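Shared between the two complexes below is subunit A, which pairs with subunit B and subunit C, respectively.
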Partner chain A sequence: MKKLSPVLVLAAAAVAGSATAQEMTIVSWGGAYSNSQLRAYHEPFSEKTGVTIINDDSSAEAVAKLRAMNEAGNVTWDVVDVVAADAIRLCDEGLAMEIDADTQLAAAPDGTPASEDFGDLLVSDCFIPQIVYSTTFGYRTDLVGDTPPTDVCAVFDTATYPGKRSLEKRPINNMEWALICDGVAFEDVYDVLETEEGQNRALAKLDTIKDDVVWWSAGADTPQLLADGEVIMGSTYNGRLFSVIEEQNQPVAMLWDAQVFDLDGWIIPAGLSEERKQRALEYVYFATDTQRLADQAKYISYGPARASSAPLVGQHADLGIDMAPHMPTDPENAKRTFLYNYEFWADYRDDIDAKFQAWLAQ
Partner chain B sequence: MATLTPVSRKPFSFVGPVMASAGAVLGLFVGTANGSGFVGVLVGAAVLAAIAWALMQFSVPERIGRWSVFALFAVAGFLLSGIPGLVAGGLAGWFYGWFHYWLFEGRYRAKLQPYLTSGQVLWHYAFRVICGAIFVFLITPILVVLPLSFNAQDFFTFTPEMLRFDPEGYSLKHYRDFFTNNEWQRSFKNSLIIAPIATIISVSLGTLAAIGLSQSHVPGRRAIMAMLISPMIVPLIISATGMFFFYSTIGNFLEGTLGLDKTFVGYVKVILAHAVLGVPFVIITVTATLVGFDRSLTRAAANMGAGPVRTFFKVQMPLILPGVISGGLFAFITSFDEVVVVLFVGSASQKTLPWQMFTGLREQISPTILAVAAILVVISIALLTTVEFLRRRSEKLRGMSPG
Partner chain C sequence: MSDTTQNGPMLAADGTTLKRSLARSLRREKTRALLLISPLLFFVFLSFIVPIVSMLFRSVENSIVQDTLPETVVALQSWDAQSGELPDEDVYAAFVRDMLVAIDEKTHTRLGSRLNYEETGMSSMFRRSGRQIKRLDPVEDAPFKDKLIEIHDGWGEVQTWAVIKTHSVQYTDGYFLNAIDMQRTVDGPAVQPENKQILIQLFWRTLQMSLIITGFCILLGYPVAWILANLPMRTANLLMILVLLPFWTSLLVRTSAWKVMLQQQGVINDVLVWLGMVDDAARLIIINNQIGTIIAMTHILLPFMILPMYSVMQTIPPTYLRAAKSLGASNWTAFWRVYFPQSVPGIGAGSILVFILAIGYYITPEIVGGTKGVFISNRIAYHISSSLNWGLAAALGTILLAAVLILYWAYDKIVGIDNVKLGG
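The block that comes next holds the complex of A and B.
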């Protein structure tokens, strides 16, 4: 197909009439992440089953597009990669199919059922966890002087570390970090953040660095700003920082302290035809087994969601470095961590978002 | 041009302040880059005024004066920021040296009419400066993209190696990525399928509509015209949402009832949607050329026995061809640049170049986008030059213009 001229392809497609080739559309985030899925999941799956996989980089609009597709009665996606928060929303709206982990997903090699192997990470009935990623800080090693930061509160310490920092343009994570650095104990953060007073306290702390903050909205922004030297530290996803440090050789280092874990995984849209549903189930069964999840870590530094995959994590496929120390779940990196609090943010997100935006606009 | 006005040397009270204000402009840029724009303005003004004073006080001959200003700026630039500073400083020094003697010798009046007042002379040059500034404003973003696309790193950054003009800092790898990466090639191919077909459809429909609407006996001409050009006025996101539902239904019918191939139907949907977006441009440009079209020519053709179709292709079409072609170009560019509608209507197998650039920009700021942008700029320039060249050639052949 690739070698044919476009006109021929069109003509052939028209003549061929109804689709006979086995095809499925898998939606993901694009970039290096899609690439890791292509190499770890798609290619072996196509080889095994003969199904052609079309990659659609629309995960950022997944919720809106699935709603529209459902309304138009024309769901063209077979498997969709979304963050856990989106999966919970889609499941609540009935746009994603419920999955029974123990019967529809592979058990671990030692026979542990999938529900135990994934454990707490099965945050929704529709969600099939794939990776654990974290939002954390990176800093420019050449701009922080002789005392590189080890503590997340360096972000708020403009006296020791003068310069701009980049933070995500939303309250999630920033409010938690602000409270910790304002002296709130780790385990009390969400109790404090529930109160009006606690929210104001977090914003007041953020206010102390407001003039020094560059706000980002796409995961690629902070790496670009760090590479430019425009900011001396900034938050982004740990896989992005890995790529900046190890693949692009920029003078950047990780500040793992108080990283926030989040989950990313698959959902299968509701309302697929029986044939497509079976194929989608076959795909997720294959792509989330223990070996496949461990394989993905060869291409990108996100942690596999299964407990049984962790010991199988090997070396980077192209760089040949050990990936285990670059996993956010590595014990050395995970001394102080949060897990994205889905319940809390589901209840308080709208409220705190409004406050945060009002504060930003001041 | 011959000298219109005799020139005379000007006093420092004129040259000094003008040079100072020119220096303030440069100082603003240099100062902002080094921390304080305000200080930069003051220093720039003072330095340039001092240079003007020194050159006039010691009556430095022009050749020596210009070389020394050039050298001074080049050295200062080099001390400030190395090799790139040397180049920028050299250019600034060359300009200021020339500018000083241009003012001082009064040459700025030489080519203007002698009766102009000072205010008129000032406006004469201010107008040119404003035009130049607008031009710079329009073209700089495009020019910045070109060197960045040769970046050896994966960021939108002028690296220190690039600024030193070190060959190590440059690389063709982003171009290689574009030509070897399947995703980019597939989307490029999709754009090349979708844009020309959509253009042909919108040119045919748009030209017919424009000819029809230019007939005086068509009822409700203005209302129909308004409807047809509405895709241009309605915010794209609204058209896109509407089109999504409209074409979903059509797609379901084509796939379900007629049993056509899914990919083929996908292309049909996107092509039709893009054709609709292109029609208004064709209608507007063709209507504009029809204003100058002499209707008696069609009557003459009919008189000699030509049918309407023959009249159209033999008489009317050649005369309105420039309008049709420029409308077609607009339609082509609309489809080739379009990202919102294709995001809604298309599915992954119809991913076009702008869509791919959009995801590339959001997910990883990859300079491959810049390489693609550079290639597209070159293609657009080549395309427009060719069309313009052909148009002039055909005009010359038909003896319509003396050139």
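The block that comes next holds the complex of A and C.
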């Protein structure tokens, strides 16, 4: 042991030393999405500043991990990519830093302040929006017969479209679609869902297709199930469907009807040292400016969160196809869109989830 | 030999009594042994004992309400929640003073999330009210009762204050009640509405399915272990690699492979349809349900059954079987009366290992279990990573831990823990 200890001390020192160098850890979702960030943001940022960026694909557990890090008093992440609902929770829990959009984020090239450029998408004081994505349905073009579905309610129509469907194993989005297909108007959905009767109504509607549903919990499940022919239609994130259709050339098409818009963006964890905080702020200032957000759309079909970025969206970097028609925000795709209500789900998530899981287990 | 002629106690070379010298050297020996294992003890303490104790503690700890609203909690003590009337102005004034401090420290939204587990709507109530309460002055703006009710209707409801009062205790049994589909109310513990009851059902399912999986592992593992133990060394070693190979493959890979095998357009169904044994329109559903979980988990846990069985069977001398047969026993009698009883310790060890691993499994059920094949651990994972209700997750974990300990104790009573062997 006596001989070992100096070595251990040296090793410990080396580990500690490397963390203080020009390095930052950015947490994201992994896969094609992280790759788009790597090429659009990380590489140009490293080139400009010399900071080395370490990727960590932990966004799915970001809230729990940040809470654990915060309790342990050792936050090792510098910038974290989360969905808006998680950003709101992190802000509520005091785990994310508040950002003043106008002073800490870049203005649009024409001088429009950031708060106006992002507009309504700044859903939390801690949240820096990055992309608009949607949860929508894809279907197998070869398995739906001569009348491809155009309406989201095709999901509930097992007579016309027999076969399995894949839905996410959680109440969010499914309850809304169920109510819409049970005749509730878009604007009334959350008012109805607030009541016990409304929740039962949504579950009763879902009950009609319960035996035909494969439930997914990872975003990659539906694309795989569609490719295998296990399901004839299924919900997932629009970018995943884009890659099934355009990159893997599977016989799959998008059903944009009643797509649910959601946001994804950055937060900076609370409790960073001054030096790390400055570097994180420098990164988000750079990575969320108008050009950078438009650049990301070259690699993945998610819409940039700034109004000023939309006209700059060009072609896919590798496939050379126009990206604008694949954006969830494209007018042709966004004819009927549904807005995810963050506040509603922050309140009702625990309650409805318990009911939903109890219904699933029946 | 001069020592024997001396009177008095025997002395060691340095002149101390032999007894004391021996005690000292034994003590030194013990200290040295303790020092040698101290890194391990330290490691076990830090990485095992501390997390478990802190988890146990988290399942009852509930100081957040008192810490965030200290004055309100005191003021609420004189209010009778069952009276059906709102608390008086004192409570509202205390609440505004507490909230001003909490908003400053940004802890009011955290309390909102905590109380939202008990009463839906608390989360947004605290967040929204916070923005407006911030502008109030604790002295000049009094009285507050009507002002607060104007800010949010919720402050004018008896239920809101009843929830705060009910959950203002420092240590709560609320999480444990939630864990068994009950809840804490002003009137004491009450059963959750039927459409929210799921956890007890999941506990039962976890126990049942773990038992079934353990049973299948015994049935499949016993013959394999027997063959391994009775083949010549060279062949046995080769076969052993086949048992261990899956062991060295990533759990996720093995589970995903089962998905490819079992799904309706998967390998097994394709082969059966091709052979004409199953109609194309009626492909078997053997995944995303309990069958899927049982198949995949039996496969994954099988090595944990085979290895202890094998190492016990290896020590059973083959001569015993031969002796039994030469004394007139049939093959079956020789096996059942002579061989099998000696292999029981291996079955015991394997079963405990497989059962305890199965009861805490969550990745495999999550991937192949669909809705009916998930375990209680999937719910624990949900409460740890999604709902952030760590108190409830801790309570569920504590119950699971207690269940395992009780079963272990029962096993000890029925079979005897001395009867468990991992090898020779």
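In this section, the second predicted complex is superposed on the first by the 341 of 362 C-alpha atoms of A that agree within 3 Å, B and C clash if a C-alpha of one lies under 4 Å from a C-alpha of the other, contacts with A are read in each partner's own complex, and residues count from 1 in each chain.
One rule holds in what follows: contacts are C-beta pairs under 8 Å (C-beta built on N, C-alpha and C of every residue); 3 or more make two chains touch, one makes a residue touch a chain.
Bear in mind that the values here come from a model prediction, so they are computed numbers and not experimental data.
Once the two structures are superposed, subunit B and subunit C can be ranked by residues of subunit A touched, with B on top.
When both complexes are overlaid on chain A, the residue A:354 reaches subunit C alone and has no touch with subunit B. When both complexes are overlaid on chain A, the residue A:116 reaches neither subunit B nor subunit C. Once the two complexes are laid over each other on the shared chain, residue contacts for A:76 go to subunit B alone; subunit C is not touched. By the document's definition of touching, neither partner reaches A:246: not subunit B, not subunit C. Once chain A of one complex is fitted onto chain A of the other, the partner contacts of A:220 are limited to subunit B, with no touch recorded for subunit C. Legend: residue contacts after superposition of the two complexes on their common chain; A:282 is shown touching neither subunit B nor subunit C. Contacts of A:228 after superposition on the shared chain: both subunit B and subunit C are touched.
In the superposition on chain A, A:157 contacts neither subunit B nor subunit C.
Common to the subunit B and subunit C interfaces on subunit A are residues 60-61, 228.
Taken in their complex, subunit A has these residues touching subunit B: 2, 6-7, 9-10, 13-14, 16-19, 23, 25, 27, 29-33, 54-58, 60-61, 68-69, 71-74, 76, 218-221, 223-224, 227-228, 247-248. Touching subunit A in their complex are the following residues of subunit B: 153-157, 182-183, 189, 192-193, 241, 244-245, 248-249, 251-252, 259-264, 267, 343-344, 347-349, 351, 359-366.
Across the complex, subunit A is touched by residues 105-107, 109-110, 112-113, 116-117, 120-124, 127, 195-198, 201-202, 263-266, 288, 366, 370-372, 374, 379, 382, 384-389 of subunit C. By the touch criterion given at the top, residues 60-61, 63-64, 67, 89, 91-94, 164, 169, 200, 214-215, 217, 228-230, 343, 346-351, 353-355, 357-361 of subunit A touch subunit C in their complex.
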